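These are the structures, in structure tokens.
Next come two complexes built around chain A: one with chain B, the other with chain C.
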Partner chain A sequence: MKDYFFQDTIGKPMDRVDGRVKVTGAAKYSAEIELPNMAHGVLVGSTIAKGRIKNIDTKAAERAPGVLAVLHYQNAPKVPGYVQAAHPTEPKPIGQPHRVFYDDKVYFNDQPIALVLADTLERAHYAAKLVKASYEEEKHTTNFAKNTDKAILPTAAKRNPRHGLNDYVRGKEDAYKNEPLKIESEYVIPSEMHNPMELQAIVAHWEADDKLTVYDKTQAVIGTQNAFAREWKIPVENVKVIATYVGGAFGNGLHTWPHETAAIIGAKKLGRPVKLMLTREQMFTMVGYRPHAWQKVGMSATPDGKITAITHEAIGQTSSYEEFTESTLQQTRMMYTSPNVTTRYRILPLDISTPIWMRGPGEATGAFALESALDEMAHVLKIDPLEFRLKNYTERDPEKNLPWSTKFLKEAMLMGAEKIGWSNRPMQPGTLRDGEWQVGYGMGVGTFGAHRGRATVKATLYPDGKVVMQCATTDIGPGTGTAMVQIAADNLGVAPEQITFELGSSLFPPSPSQGGSATVASVGSAVRAASIALKQKLASMATGNADSGFRGAKFEDLTFQNGQVSLNNSPGTKLTYSDILKQQGLPELEVTEESKPGEERQKYSLYSYSVHFAEVKVHPLTGQARVTKMVSCADAGKIVNMKTAGNQMIGGAVGGIGMALTEGAVMDVRFGRYVTKDFAEYHVPVHADTPPVDVIFVDKPDFISTPMGTKGIGEIATIGVAPAIANAIFNATGKRVRELPITPDKLI
Partner chain B sequence: MNQFQYVRPTKNKAAIDTVTKDPNATFIAGGTNLLDLMKRGVVMPEKLVDINKLPLRKIEKESGAVRIGALALNGVVAEDKLVLEKHPLLAQALDAGASAQLRNMATVGGNMMQRTRCPYFYDTALPCNKREPGTGCSAIEGYNRMHAIFGFSDKCIATHPSDMGVALAALDATVLVSGPKGDRKIPFVDFHRLPGDTPQIETNLQKGELIVAVDVPENNFAKHAHYLKVRDRASYAFALVSVAAALDIENNTIKDARLAMGGVAHKPWRLTEAEKALVGKPVSEHTFRQAAEVAMRGARAFEHNQYKLKLAPNSIVQALKTAAGLA
Partner chain C sequence: MAFEKDCPHALPESSDHKPPHEARRMFLKQSSILTAFALTPGVAVKAADLKFEEKVAAAFEQVKVTLEINGKKHKLSLEPRTTLLDLLRERLQLTGTKKGCDYGQCGACTVHVDGQRVNSCLTLAVMQDGKKVTTIEGLADGDNLHPMQEAFIKHDGFQCGYCTPGQIMSAVACIREGHADSDEEIREYMSGNICRCGAYPNIVNAIKEVKNGGLKV
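Our next item is the complex of A and B:
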């Protein structure tokens, strides 16, 4: 399929530009950075959930071989930018990130209470085991289920009545309650822990008293730079953040965490660089996670399948010191035609660490409840769930009362249904078998805002025809660098091999953080803008040269292709970009362009859409459930790279399988401490849990979203997968499991 | 982890002497469990006696049994021709354990010596009688989804995590050990202990005793044997419940049977009463269901492992059906 300027590269399954360095190990991740005279830091965590540190005994640790210092609240260099207040919520009710080594207070179990610095990693680990603390324990609140009555409206909503986290009523409030045909169900998801392959790691280096460089695992180069500048009260330009390679992040790099500041404190104290990598166990407590959530959905419909009302309530947990919120109920407000919709979102502060967005974030949580409820309603109505969704399909955003920019979800649904073999789905649950195994089919829809932010790209053309582009975005795995090269190649008329896209440094022009599926939209648009600006400069040089044969030609009279510019009506008249630079005697040609969204976002409602189909088999005696087939379809505008985008969709589906069947952190609420905190006990799906995933892209451009016609896919790859599987399990067994993960004990 | 001394003897006797004399020395083979425990500070041996150079890797026929050296790797045993021919149940159980990478490091002796996966045992911040006798059992009133329904005590309700051990318990295996006082044989079913008042003592090995081999006697179960492992994901997870089932069938009648379960007790749990209930009966789901009922006598569950009271008998039925060719 060829669309407007997509000449050569965009859409093609081009190999990753950094594939070779990644598979050969040449790519250096934060934990692999070695600096001269570097020390190693290991954090010691608290063993209580709430209280005060009475005494911290570091003598044995300090005496251990190779130990350089043991830092804690009594002796650590003070972070000048920490808000000085007894409780983190005192200056601002919304709270703040945990202030590491600030005082003797403990807010969550495994809170960092000491940092052991040693000459080697092994010695630091050994000495960390020797640090002993005693506590004055206070009664902690960590039992989510027993405290849901203490959930509160987020401060952001309290302050601003127009804030999206406020209660929402369209039509009549809770209208389903008085309807004859209705369902009402509660859904629970456990906390899901961020466990990318790469552990969180930082190398902190004070190059001068007020000049800080960090090699840090982050999704937010500029955000991290600003955060540390604030913390240390130094000029932003004195903070350098490097994140050249990131080994998966899924949201946990969208916030700065205590270990990062701890490493910077350590480097300050020692006057030498400090490397600090969390252990796998610490990944469960010292960075964020998808919060444990309770939801309730009430829904009513007419006998012929028109939804008349939906009420969707959600409570997500947060910490006692920082309010974390997410858009759990967004999909409920805009996905279906229902004239009456009520949503209520609350958060429950507990004595635990702060959650963070995790792929698909709140929308994935919300979609589990909404799309399960839809399946329950369809079952009550005896209507096929696909048909039910099509009957309630909206051609206009009922929440914002705006037209969609583009929406091809219906097409996606029909393509996916065909591919999975939806016609094999029995209307009566528990009736289809394959030998002993019960077979079922389920579907789930996902949506996520097609966001776009402000980004700037610097592009430099050299006389040898090579182009270097730079932006302070990251590549956490989706293949950002590759997509940017493709967009640049097509927009600049230069072969991709000639283009280098550099990212992951705060020295480059600014970019939003890499979250919310917005990087191609934001940074890609800036790449395009920079490409066009370069071409315009080349054009004016070519047309300004009396001898060139281009004299008098306008920009639109020119074709830019294969590194050369030619006249549309006289293709023989051409000049290579190199020749133009050489004629002008220029060592390089440089442009810096900012790109940002415009008024289109007030006129249209912009979303990406997905629909996931699952075939499952369940063993009736042992309760084992296997996803035997998955089809994931995305309506996400123009796809820049079929290979990396397809890869992203598969990864999202696997994440969804984990959410549905295997993942869940368990806390012993007597101690407020997690009891499943390694890969043996916290189960991410393994290969045997994941069937081949068929990915289908509608691949129709949305030029309202971006000039390339793209929309994001990172989140929608996961949103809707878990309910598709839960619904398939219901179809196979007649058992409706409303609490994830769906492990064998729930199916026997 | 703590600092430790490391020695690598080449003779059994040297290894045994070192561990016998040094109260804080311990054997290490594949290290797939011991190193994890050391990293977490759960165990802190001061001397590691690496036995990988000892001549204990052979798998051979020996007086009517298959003798498997203590250092034979789990992955190697699972693919060994003799084992596959004579004791496919054992091969299946080994294949169900851990991951390919771990099976390529883990040894038969080490597999028997692995510690429970009870989360409280692993978290040095929490009470655990097995790790620190007298501190209390956190699991009894805590998160006990993976815990025992048979043979537990008020001191400990942990389970033994081995798959291999479940097959060895079913197959009447014998453990050959060598120690400071000479060689002896321990029936596999008596090798591990129930927790009682001393959950920290998990086997009947004496200080310095080294496992040198396991004998699995000849039997007639090769045709009808199945190891079923029910777990939270399709691979690389410990058993919620596992069943080793072996039948000797003649004219649709069960001549002899072996049955053991994993994930239900402090040791691989042999089900001799249920075996008796199978013998002489026709091959049928009804027979298997009756045997499963016998097997479950005396089972008692805690807050989070109630499901095992249903999953365990279901799994016995399913394993027997599969072994008999009914599934």
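Our next item is the complex of A and C:
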């Protein structure tokens, strides 16, 4: 491990490697690719939530100037890989993604029913408005609250009794019910939309009958490649997926969506490239969302603050055609030392499109209920919520009965409490004021598995000393390229300016999708492996040369730094990497290395942790709640880049402010259609909603997690933020709001 | 001076450049002739089908516009419904200006028109005839970044980078307008620019640095 510890670069707040292209507007996102003879596609959505298309009248649209084709289920080229079944859940009970233009059935409101293709964007948009459809409407089920009795155990759990989505009982089932000191509360979150600033977009181009290239907004280059190869029944290597720049995604690029296949169908029909960018309204209806969820937590404790039992139940929304599930209840199983824990997870299929993981996914939903319940229990016990959490702190994973790989959450809690000024928090809610405003403090804990997947990186060293590394991962914003350059710099002994990390293409070696906070762990480990393999090759060349002063030296005897190799005990004996290549007459030196997690993951329980503290002010007359200060602390192993990681933590806090105070999709259950469909109705936090956010990293490496000591931060940045704010509002006002978002009407 | 030769629906260049209202009048006149023609019974009806009429109409709906974009003059022939944003992105390949909502709600499309920040998605290109437009591509001085661009890199005022051009254009205007005297004021006057990655505090720090640095913006 010695070579790793140079750490000239890892940990430093290096500027982003793609900073310049992003601030000059030179970075090209999917819809900004210009291909010759490109047509524009605009989707027409259904106006009913469930039923059958009786008729589509496309005459007026087809006559409109510039229109090249209007495609729908009757005339669109067939997608050979669609599973042929009357309903998407047959024959595979878990369902399949929506098959756009497959048949006349409508499964959700604003389901794409036609694609208008025209020579200019304006003409495509205009003609799309001329498409008229009539329907045979069926009774739809879109009212979550009225249908919770129809929630079901996910099929994955039914099929496999050991699946994590099954009911979980540690100790005695529902033990809280018979305890004297207990709370029991229900919590609701509405559906939330990812709403990345870049609208979902694709440029689809059939380069030959069986050769497809897509410039696509995705977090899963390889996953998308495989999906389209399956859909079109063509070899995987015939599908090229490019996602060089991704304008945010937060999870909604972790699935392929109907608009992508629609554009590919359009390109097939026209024999020319098709560009399709969704409208903001369509971002609410056809590219996933954090599912509406109902939860109930029962908790009991001893008078001195030891939790005796927790029961946590959740129901999450899904579509009628795909079973979407997430780990909503995971934190409850492992975070606190309760001898009795029961969890039950169900899903509720509705006539709405399929959800998809949204930042912090189910864990953020679950943490809202669990961490609010902790606060409620602490209030009943008249114990400080921080002290209550510390009294029930787990030093070992009580679910898996394994030691933690590392856990420094306690340190994080204490640092954060100090920073926010936790000692100012009144024990009695509603007693602290700043002029007219009520002031309160709250905290929330978050955790997410420190996942790591299998990834491969190709590294090429050139005689000029430059290094190019390639991997089919993406950078949706966290600064993946920058972190990889830093890891490569330290592990290879080359200055970061000499290293280029190329990503976002299926032509590069494979990587998992960019989700689950695992990119640095997966791809970074492969970058390190490739760096070491390059050094080994350089070493064998240097030591194999008969004239060389390195002759007979072993790899361990060598130091690799500043683009040169030297002998540990004779630093004057050195060779630059360039010289080694030149001596060998090599135009380049190339390695491709795969890296994957090992057995350590069976011996330890691996998680990242966060704790968030919020100071809020609530105006008692208007009910306006403002977050005035936030402190977000992460125990996420070694931090590769303090600047970009700090930014990611701030972003998670801002996302949590939205979840807590402003965001929520509102369903008009009469029509099964969202009334929130743009930023005027669906409020994401803006500058004015965002206070200063102090970020604290424990920054202690976890070498069981990865060879660099890293763990992910993307999810924990937002998990636990919403309950911290809800708890602060309770502390300020004495009002416990259990249904998000906490809008002013709930506080007056 | 650039001229849009490649525009698929541009009218042929002619010396008698008519103002938009005249073009419109000509369209109506032409259109009514066609309608009369269409009302004639017999073979002629099929010949002059509606599609043909619409095609003719489309050609007459073109309006000539001259815009100076990033110091370069563009003589254009545009459909009146073309937004400044779509003109920049789809016709001129100036894709640094971003589309985030098309409703003026997100600010990703912010550009300067005669020095003022505007949402280019809410602005029809024909309304800007004769005006000077500055986009993110025109902000730097050659290879030398604008101080605001430098500050955004230094303070990491972005993550995915998609809202960034709009944030930067808005930030420059925010200082020029005299609306950057405090954190609160910056936050208020930058609230038309959404950053879903949530880099807001870093953006505020970047703006403060440029403002306090006293450099000309």
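FYI, the second predicted complex is superposed on the first by the 743 of 748 C-alpha atoms of A that agree within 3 Å, B and C clash if a C-alpha of one lies under 4 Å from a C-alpha of the other, contacts with A are read in each partner's own complex, and residues count from 1 in each chain.
Please note the rule applied: a residue touches a chain if its C-beta (ideal position, glycine included) is under 8 Å from a C-beta of that chain, and two chains touch if they have at least 3 such contacts.
As the structure is a computational prediction, the values presented were derived from the model and not from experiment.
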Fit or clash between chain C and chain B when superposed on chain A: fit
Which superposed partner A:A85 touches (first chain B, second chain C, both, neither): neither
Touching partner for A:V236 - first (chain B), second (chain C), both, neither: neither
Contacts of A:L661 with chain B and chain C, given as first, second, both or neither: first
First (chain B), second (chain C), both or neither touched by A:L507: neither
Partner contacting more residues of chain A (chain B vs chain C): C
Partner chain in contact with A:P744 - chain B first, chain C second, else both or neither: first
First, second, both or neither for A:K129, with chain B first and chain C second: first
First (chain B), second (chain C), both or neither touched by A:Q624: first
Touching partner for A:M427 - first (chain B), second (chain C), both, neither: neither
Contacts of A:R670 with chain B and chain C, given as first, second, both or neither: first
After superposition on chain A, the shortest CA separation from chain B to chain C (Å): 5
Set of chain A residues, in rising order, touched by both chain B and chain C: 122, 126, 678, 680, 685-688
Complex contacts: residues of chain C adjacent to chain A: 8-9, 50-51, 54-55, 57-58, 79, 81-82, 86, 89-90, 93-103, 105-106, 108, 135-137, 139-140, 145, 149, 152-154, 156, 158-165, 168, 183, 186-188, 190-204
Chain C partner contacts - residues on chain A that touch it in the complex: 15-16, 18-29, 31-32, 34, 40, 63-66, 119-122, 126, 194-199, 245-250, 277, 279-280, 476-479, 643-644, 646-648, 650-655, 678-680, 684-688, 690, 692-693
Touch list for chain A against partner chain B, complex: 47, 122, 125-126, 129, 436, 619, 621-624, 626, 661-662, 666, 668, 670-671, 673, 675-678, 680-681, 683, 685-689, 741, 743-745, 748
Footprint of chain A on chain B - complex, ascending: 1-3, 39, 41, 117, 119-120, 122-123, 125-126, 138, 141-143, 145, 228, 230-238, 240, 307, 310-311, 314-315, 317-318, 327
